[in-house]
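Two complexes, one shared chain (chain A), two partners (chain B, chain C).
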Partner chain A sequence: MTVASDGGVPSGPAAGSSSGLVKRFGRALPALPGLAVLLFLFLVPMAIMFVFSFWRTNNDFVVVPEWNLGNYARFFVEGTYLRTFIKTLIMAGLVTVAALAIGLPFAYFLVRYTGKLTQRVILLAVIVPFWTSYLVRVYAWQAILGEHGALNQILQAIGVIKVPLDIFNYDDPGVFVVLTYIYFPFALLALYASLEKFDFTQLNAAQDLGARPDQAFRHILLPQIRAGIITACIFVFIPILGEFLTPTLVGGAQSSLIANLVLNFLRNDQFAEGAALAIIIAAFVTAIMIVFRKSFRVEDVVTSG
Partner chain B sequence: MADLNRHLGRREFLRLAGAVGATAGLGAFLAACGASGATATPPAASSAPVASGAAPSAAATPGPTGTFNWLTWGDHWYQAEMDKIAADIGIKANITSFSDDIDAYTKVQQVGGQIDLVSEDALWVPYFYQHQLIDAFDINSLKVASQLYSVAREFSIWTSPAGYLGYPNGWAPIQITYDPAHVTPGADSWQLLLDPKYKKRVVVEDQPVEVMAYMGKAAGVKDPYNMTDAEVAQAKALLVQLKPNILRLAPQATDTVAALKNGEAWIATINLGADTAVMDQGGPKLTTFTPKEGSIGWMDAEMLVHGGANNNLLMPFLEVHEQAEYVAANFMINRRPLFSEAAYKLLINQGQQELADHLLFNKPETVNTMTLKGPGTSTQAAIAAFNDVFGS
Partner chain C sequence: MARGTSPLETMPVSRFARQTRWSLIVLTGAMLAFLYLPIAFLILFSFEDAATPGLPITGLTLHWYQVLASDSAIQSALLTSIEVAVVVTIIASIVGTMVAFPLVRRGVRAPGLLRLGFTLPIMIPGFLIGIGLLIFFRQGLHPLIDVQLGLYTVVAGHLVFTIPFVVLIVASRLQGFDRRLEWAAADLGAGPWRTLRHIVLPLIAPAILAGALLCVTLSIDEFVITFFLIGPQQTLPLYIYTQIKFGVTPEVNAIATVILLVSLLAVTLGSILLTSSRRLRRRRAE
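For the complex of A and B:
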């Protein structure tokens, strides 16, 4: 608020005056809890991890400040970490593609061809599994994918196979299926939110002007739901880089992802060594975000509302 | 490792839940009648693990009451017991579970005397003492200690000039169990795990340091928690052979039991007693053996945390908690040998000698043949080797 001085020149409260500080503090007050969470539960731990990653753990399980790059060198020198990380990226990529491939047509169908009530019911059905713990849902897949699980029993019962399928039994395909199941709802909800705002008459207009359906899809629909697609990719791809529970529960000896290897260090109090691997993953995620931002104009995700 | 088989099977869970319910109902009834629960009922049958009538001497002597903090595994106590102890002597435990020895070590190091009593395995016990995290005590000052096998009061690794370092609880070696319907009988060596005939039929626990330790034993390493680089390489070479045979790395014992029960796995490394859990749950009859090359194992103890804020409650609590009735009931729930000779005799009286002998309850000296679990100098190298094998 500005006030007129005696000379008629408007003037605000002097910068640094006590009333100005109080006002600014008052405006910032609601943000303080969030800032505190960000600072103390994210930035400070990350900073500690970052420092630890350059130290080492001694035989008494104590992290000692002996600066070295050995923990980082391990990732690049011992091939298993790089290979497992690449495998993790491939798994995350495949699951993201699968979630989009399933989610986009489904969301399109929901928004375009069903009424609001049906949409709400179906979306509720998509969300309902979240009411059950992640752990329970993944454990349930053991009973489906196992050698004597529901999938093999059904396939045997209808005569499709004679001996149980082995490919889903504690192996990578099983991990892929379960991760797709777990993360598909995130992709669907992001895509649905984006498609819901799309004006479908634009597709008709494009076709009236001579565009084929696939051209209308590529040139009219996709650009306008880009923000939803990017959000879906971020929601699916990035969490999978830190997935360890699903590979532990439905994966076998061949199915470790990079987080499983990190965890093996952390749960045995080898914090410095685990921290370095975790920092590498975090750095990679940051790099991905930068690439996303530059190549796909991620700010649209925010600004398009 | 010790945590792996410390999970209740469904049957035991139901049995325990029934016992808890029965105890709660009985307690409510006695309270309503104004009667003391301490000596109102005779010792319970083994099928209902509620140690009634335990510790009459402790109950008769007024002592301190209150709540202490106990960091322990889930198989060191059961709810019916804790409820009864609280009712009898007014001591309650605020119990926190942990996953493994190193987890408890980290927690006690961080919070110190906020914990009063902590359970740990074998060589972790003197390790705690060396780091001044626990206090030694005169074990013979506890009357209940006379119920222990004498060998359990004399373990050199748990003896210090200041006294004994922990109250002995239970023990078990890591063994191999197999389904003779699918596996050629007569195996007596770790080599069974490596036989290419059993591709994707073996379950081992998801515990890098322990798996590397018993691969070390298989390779003839004497001290598998303190391996040299060459010994780590030997153990790793065997792990490479083992990998194709592994169906899964089981996060906990219940997963191993389930895989054996439903026939997905034919061979598994287990804590002593897990085979009976498989059979109890309707699984196949298994054959179990301790490998001839030797095995690793654990024996655990309750330790008094240095500076514990409620340590005045610990001796009165142990005096009751370690009574044979409670220990025997605990055995029936968790199926691994404990160090109480009086509990073994009680089990015989209850008609459970066959089970107790099968689980070596009468042979506590067996612990002297095991390589005991403990902190080692090759932990990091073991994890690195494990990761190298199980990574891509």
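For the complex of A and C:
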């Protein structure tokens, strides 16, 4: 065991050293209740879901241990599932791009052009609604979108449009806007955290040495905030793979995302079939997190509030 | 050229600086409007006297708030939510703080793995946590015990994602903790418990409190996991959801407004607590 320092402070007498198993266990002891929760209420259920995805739901809606791949085969054979899954990925991708397009200039502005106090106030203004009721924030859009929604009404009243615009109907564009609304603060927080650490004099140095602003941006700034950008993408992309509320509240008949299809299985007590679809989503989430494990920092988003 | 000084001094060399600055200001304004307009509309509609909320506003009324005050279904849903939140917050704050110590102070063999383990429930969509637990309770445990969905299962579900938040918040405070204070206490004859009680806990208390506040808001607002694990009783978000699904009454706008304002308050308070503790630590470090 390496005797590393705790946050810059030299390790004291109590830290480090192989002082026997008992002492070590004693120090790990406080983690046990938390580990128990993690194990029994998270890892075990996930493992059971994984196993069930290879079993079968019988006619009494009980999952029985008859191993098969039928639940997964359905995903590839019946077009709806694959189509909806791809649609979900595209939607998540578009929202991620939008969140970056909004978040990056916004974070840049905060760090570069505002004083510490303004920065804090604006950041707080962004963070605060994002910690408040997710359901209520999605619901708030119901009155804004729609044929007779506030957006159409206002635009008609000030004479910008004559007839209600279809684009504001309860449909995919609406789902896109609401998802962007819900998730872009994640991106902002991650980007802000990485931009805040960046030393902007480097940009001036690069330009003094003859780099054009866009070159300085690409070769100096971008590589250094890469982790922040990846964190931002992950924090926007992943939750959308599990989105079912937004399509339900502000989407149309065709706006279902993959999570809505899982929900349909569960409504019919088809747990094995639902488990398989959920495992496909989980596999995607896990793959993303493994690929980018070195680059994303949860703490930046969680504790910067 | 230090950051945080006057805007003029931090101007980049680019001759487009001025335009950049203005377009960024406009963008920021637009973004804040995007963030707050839906909330503003929601609040506005909660005072509207029409039976179907929307523009144009025909008149203002406090009627929906009066309906709210006398609606027993909402009140019992609110009580249920508070009940769940209190239990979740107490357990999560204690358990989460306990995990943070070995995590930061190398009491475990693989702190990286432990950290990852407690990061997962935050990263994984609540949807998957909810489904996993639903299948676990309804079918996985079925051969052993017959679990009825209800408030216990909801509490279990909330613990899965609130504990990690407490762990991360307390751990990040504990990371910068000056351990010399503890050694000084030990030198002066204090035992480990006394040191913990009188030195460590008071110093990390703001972080624990911030974590607890976060737990309260997260639990009270939680919809997705509760959606899967709730039994016959309803929490407030679930009640609102059913109201929305079965026809909007303006009453929903009123209750949504109340929830929004209360959680705005709690989060602002928590955030201020968190930064003040951070600032305190920074000052101490200097």
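Heads up, the rule we're going with is that the second predicted complex is superposed on the first by the 266 of 305 C-alpha atoms of A that agree within 3 Å, B and C clash if a C-alpha of one lies under 4 Å from a C-alpha of the other, contacts with A are read in each partner's own complex, and residues count from 1 in each chain.
In this section, a residue touches a chain if its C-beta (ideal position, glycine included) is under 8 Å from a C-beta of that chain, and two chains touch if they have at least 3 such contacts.
Keep in mind it's a predicted model, so treat the numbers as computed, not measured.
Q: For the three-chain model obtained by superposing on chain A, do chain B and chain C clash or fit?
A: Chain B and chain C clash in the superposed model.
Q: Where does A:His148 make contact in the superposed view: on chain B (first), on chain C (second), on both, or on neither?
A: A:His148 sits against chain B and chain C alike.
Q: Just to be sure I read the superposition right, which of the two partners does A:Gln270 touch: chain B = first, chain C = second, or both, or neither?
A: A:Gln270 sits against chain B, while chain C stays out of touch.
Q: Which partner, chain B or chain C, is in contact with more residues of chain A?
A: Touching more of chain A: C.
Q: Touching A:Thr132, do we find chain B (first), chain C (second), both, or neither?
A: After superposition on chain A, A:Thr132 lies in contact with chain C alone.
Q: With the two complexes superposed on chain A, say which partner A:Phe42 touches: chain B (first), chain C (second), both, or neither.
A: Touch partner of A:Phe42: chain C, not chain B.
Q: Touching A:Leu249, do we find chain B (first), chain C (second), both, or neither?
A: Touch status of A:Leu249: both partners.
Q: Given the touch rule stated above, what does A:Gly228 touch, chain B (first), chain C (second), both, or neither?
A: A:Gly228 sits against neither chain B nor chain C.
Q: Return first, second, both or neither, reflecting whether A:Thr84 touches chain B, chain C, both chains, or no partner chain.
A: First partner only.
Q: From the options 78-86, 132-140, 222-230 or 240-248, pick the one stretch of chain C whose C-alpha atoms clash with chain B.
A: 240-248
Q: Residue by residue on chain A, keep only those touching chain B in one complex and chain C in the other, then list them.
A: Touching chain B and chain C on chain A: residues 148, 249.
Q: Taking the touch rule as given, give the residues of chain A at its contact with chain B in the complex, in rising order.
A: Going by the criterion above, the answer is residues 57, 59-61, 74, 78, 80-81, 83-84, 86-87, 146-148, 166, 169-170, 248-249, 251-254, 256, 260-261, 264-265, 267-270, 273.
Q: Contact residues on chain B for chain A in the complex?
A: Residue positions touching the partner: 99-100, 102-103, 105-106, 131, 200, 206, 208-209, 243-244, 246-249, 251, 262-264, 375-377, 379-380, 383-384, 386-388, 390-392.
Q: Of all residues in chain C, which touch chain A in the complex?
A: For chain C paired with chain A, touching residues are 1, 3-7, 10, 12-14, 16, 21, 24-25, 27-28, 31-32, 34-39, 41-42, 45, 53-56, 95-96, 98-99, 101-109, 114, 116-129, 131-136, 138-140, 142, 156-157, 159-160, 163, 165, 167-169, 172, 175-180, 182-183, 214, 217-218, 221, 223-224, 228, 237, 240-241, 244, 248, 252-253, 256, 259-260, 263-264, 267-268, 270-271, 274-275.
Q: Write out the stretch or stretches of chain A touching chain C in their complex.
A: Touch residues, chain A against chain C: 1, 4, 6-7, 9, 11-16, 24, 27-31, 33-35, 37-38, 41-42, 44-46, 48-49, 52, 62-63, 102, 105-106, 108-116, 120, 122, 124-129, 131-137, 139-144, 148-150, 153-154, 157, 181, 185, 200-201, 203-204, 207-208, 213, 234, 238-239, 241-245, 249, 259, 262, 266, 271, 274-275, 278, 281-282, 285, 289, 293, 298-299, 302-303, 305.
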